[in-house]
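Inspection log for the structure reproduced underneath, given as structure tokens.
We call the chains A, B, C and D, going by the order they appear; numbering starts again at 1 in every chain.
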Amino acid sequence: MMHITVWNENRHEKENPDVQKVYPDGIHEAIRSFLTEDYDSVSTAVLDEPEHGLTDDVLDKTDVLIWWGHKAHEEVRDDIAAKVQERVWNGMGLVVLHSGHFSKVFKRLMGTGCDLKWREADEKERIWVVDPTHPLTEGIGSCIELEKEEMYGEHFDIPVPDELVMVSWFEGGEVFRSLCTFRRGSGKIVYFRPGHETYPTYYHPDVQRVIKNAAGWAARKAGERPVYGHHPEPLETISSKEEDE
Amino acid sequence: MMHITVWNENRHEKENPDVQKVYPDGIHEAIRSFLTEDYDSVSTAVLDEPEHGLTDDVLDKTDVLIWWGHKAHEEVRDDIAAKVQERVWNGMGLVVLHSGHFSKVFKRLMGTGCDLKWREADEKERIWVVDPTHPLTEGIGSCIELEKEEMYGEHFDIPVPDELVMVSWFEGGEVFRSLCTFRRGSGKIVYFRPGHETYPTYYHPDVQRVIKNAAGWAARKAGERPVYGHHPEPLETISSKEEDE
Amino acid sequence: MMHITVWNENRHEKENPDVQKVYPDGIHEAIRSFLTEDYDSVSTAVLDEPEHGLTDDVLDKTDVLIWWGHKAHEEVRDDIAAKVQERVWNGMGLVVLHSGHFSKVFKRLMGTGCDLKWREADEKERIWVVDPTHPLTEGIGSCIELEKEEMYGEHFDIPVPDELVMVSWFEGGEVFRSLCTFRRGSGKIVYFRPGHETYPTYYHPDVQRVIKNAAGWAARKAGERPVYGHHPEPLETISSKEEDE
Amino acid sequence: MMHITVWNENRHEKENPDVQKVYPDGIHEAIRSFLTEDYDSVSTAVLDEPEHGLTDDVLDKTDVLIWWGHKAHEEVRDDIAAKVQERVWNGMGLVVLHSGHFSKVFKRLMGTGCDLKWREADEKERIWVVDPTHPLTEGIGSCIELEKEEMYGEHFDIPVPDELVMVSWFEGGEVFRSLCTFRRGSGKIVYFRPGHETYPTYYHPDVQRVIKNAAGWAARKAGERPVYGHHPEPLETISSKEEDE
């Protein structure tokens, strides 16, 4: 059975009453809750647990990791960020949400600075589908409309995505590549933009639909990690060797 | 005027008489030499110089960095690998050759393990053009044939290349994505496979042609680095703000 | 329930005893037969049926069309090729096999000449996985080995594939992009190289596995075709219009 | 010396006084005029000339063809559309502007329906750079702002672009992939969105800069068209043949 772990920094929720009102049990609980509608096995982990809740035991059983972080990226231990990166290489799926673009895990996997433009102005966002063949868009119409969100604007400093699936329009005048996929090693990665902590974005049914789709799409597949390294025996006869003999 | 810096580990050349025979002045000198046929300003830097020869002064003037390393990747200082990565983000071109696939610089920029299969068996390699529109292939026919080379075989654990330009056939039975491009930040990266230290690969005119093309293609362009960060003023009026007033 | 239609030219099988020996009931029957192991609803259609067996009724129920053709591409009616192209735009999956690269349907969808190099010399082929995360490779190891096949060599004159999944090595010295995907409209397309009519390629379990995977991957998804055309009403107020009033 | 041919339908300009006011000598003349600032050899051709002005002599000398059409796509002869497609395959560059998305030439090269949403509402457009490394953006800042333009909205029914370079924001609420590249055969294709006939878009310096960049980028390169077809002689010995002997 596929298992999803929802990781959250969980600091805004403790420190900011406005965020508490929107997500009284934390963003991780809100996400866990709707994922259980489609998936039987979903757990959570937060920054302040030992090893940030990402022990080997937890990662061993995790087929997809969801990641939300913002103000405490620097508090994530380097060795744990490196471990999560390796898990992705070995096939664990990763769904990075919103301000997770600046997380150590995402930056290590992208190889870029992952910077962008941003603004908090209670502005309208429309996220348009540009690849209607993609499984990430199943059940979504031509766009998702959010009444108020934080703005993220281009240039978004990521590698060219393997697949660009949705693009955001912001009332204030900018655009953003909001739903993207990347492969790293045997792992599949989704980045999905919306989800500022002061807005009820994760209660929006279309946002939930995309995250459910992303979990299913990115989940570890049955295949094994390729074999690398020294293969001294050629599969075919080498002519220069024949001549030697 | 565009400036190229050729970086080489330069250890095999000091320690192995077989390599000395092929590259008596080092691989960096062989590469510098043919690049001067097309470019006016080419210098070299090696691992054992202070700061590996990659001081801020050197990097400030470098439009393209060529990278060859193999047995001493671990001796490259982390802070200098990080600095080179940032320079690429800021627009410096990077051409990674052969065993440079395992360099700290390349791995940081790719975000993957960069592993592969390999074998030293004096086997024939043919590198076929799969994108004849690409400037990297100017002056090259349908394939480059090398009598003897080290084998690198798939799976090559890199992100999906932005452009796949050439693919290798090996006599021993494998294939390899041998000429690839990647963008990271404002910088352009080329990976080019051939160039084992015991073979005269860098004297082959087609290999030289590709490296010359790569230097020209990857070189820093005039444009500026995009502006990121907080942009509090929307470009357009936000309707929810109007209502507030 | 998903329905697959296997289309075959079915001429070699009628005219050439060597082919009859390998595929006594036709290539379409061989393919239909193994697909029924995984899919409940699989039918066939051949060139010499009325409308080539591709009536509106047949296409209405087809979620994925498999295509094998070679010597009679020109006998396929232009209006039927155009109809199949439109069906793909509207979400029907398409799996093009081997010499189908030169079919009217594939060329119309690619927009290129789709030419390649070829040779019949009973040579060995190894098809290597270059994207181990792709669902098309589920159940496949690092490569598929075929004792004797026709050679197809680069340059293969297709658009850059959306995804390059496998690359062939040929004993005679060439390489080929053998398993590729493309999106066109709401439809997904797979091209898979092996399958010359004189070899028992379609009895090879790994070849069967890839075609089964391809049918599942390309099958029409639930989503609707996007709405296009005139949308006179803006979603937001246009400032220049406000000024007019 | 590189030669550019600017092709225009030139019907709106003859029939609509509003368009005549903006482009008194036709859109083709406006484009030819600014291209001559950077290129020495630029000519024009229009629909109502014999063979639409696209004779073999004209195409023989054309390194890049610019295409503007809108209301008379159907009047372009099929054989001439096919000829232009073949010229692109053989290395001629093609820059398709605005409503040229629905031209026979572009649709043949894309293999898709090329449809989109549209609206004429005098609305503001901002075209944002999403790939600042691309030569098409040289000399352009982070976005191009046009006071009034026709709206084109997603979904734009094209194949996944080889490179996505700019994305439009429209005041009315939509986004659009506005600057895209494609390879077809040995030819390079640019699609660039803005340029409705009733607006002075082609006098905007940034729009002119992108079209100048596009002409230089897409221009035929020195390389030859690859050789295709029957290659009966293997480059290497085939083992099954050895056994026969």
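One rule holds in what follows: contacts are C-beta pairs under 8 Å (C-beta built on N, C-alpha and C of every residue); 3 or more make two chains touch, one makes a residue touch a chain.
All figures in this text were calculated on a predicted structure; none of them were measured in a lab.
Visitor: Farthest chain from chain A, going by mean C-alpha coordinates, please.
Guide: D
Visitor: If you tally contacting C-beta pairs, which pair wins, B-C or C-D?
Guide: So, comparing the two chain pairs, more contacts are at C-D.
Visitor: Counting residue numbers used by both copies over all numbers at the interface, does the chain A-chain B contact come out same (over half shared) or different (under half)?
Guide: Counting shared over all numbers used gives more than one half: same.
Visitor: Counting only Cα atoms for the centres, state how far chain B is from chain D in Å.
Guide: Computed value for the inter-centroid distance: 32 Å.
Visitor: I'd like the Å distance between the centres of chain C and chain D, where a centre is the mean of that chain's Cα atoms.
Guide: That pair's centroid distance is 29 Å.
Visitor: Measure off the straight-line distance from the CA centroid of chain B to the CA centroid of chain C, and report it in whole Å.
Guide: One centre to the other, that is 36 Å.
Visitor: Residues of chain C touching 2+ other chains?
Guide: 126, 129, 131-132, 142, 153, 155, 160, 162-163, 171, 173-174, 183, 226-227, 235-236
Visitor: Mind pulling up the chain B residues that touch chain A in the complex?
Guide: Answer in residue numbers: 85, 89, 108-113, 115-119, 121-124, 147-148, 151, 153, 155, 157, 159-160, 162, 171-174, 182-185, 226-236, 238-241.
Visitor: What does chain D use to touch chain B in their complex?
Guide: Those in contact with chain B are residues 126, 129, 131-133, 135, 137-140, 142, 162-163, 171, 183, 186-188, 221-223, 225-227, 235-236.
Visitor: Can you list the residues on chain B that touch chain C in the complex?
Guide: 126, 128-132, 142, 153-156, 160, 163-164, 167-170, 173-175, 177
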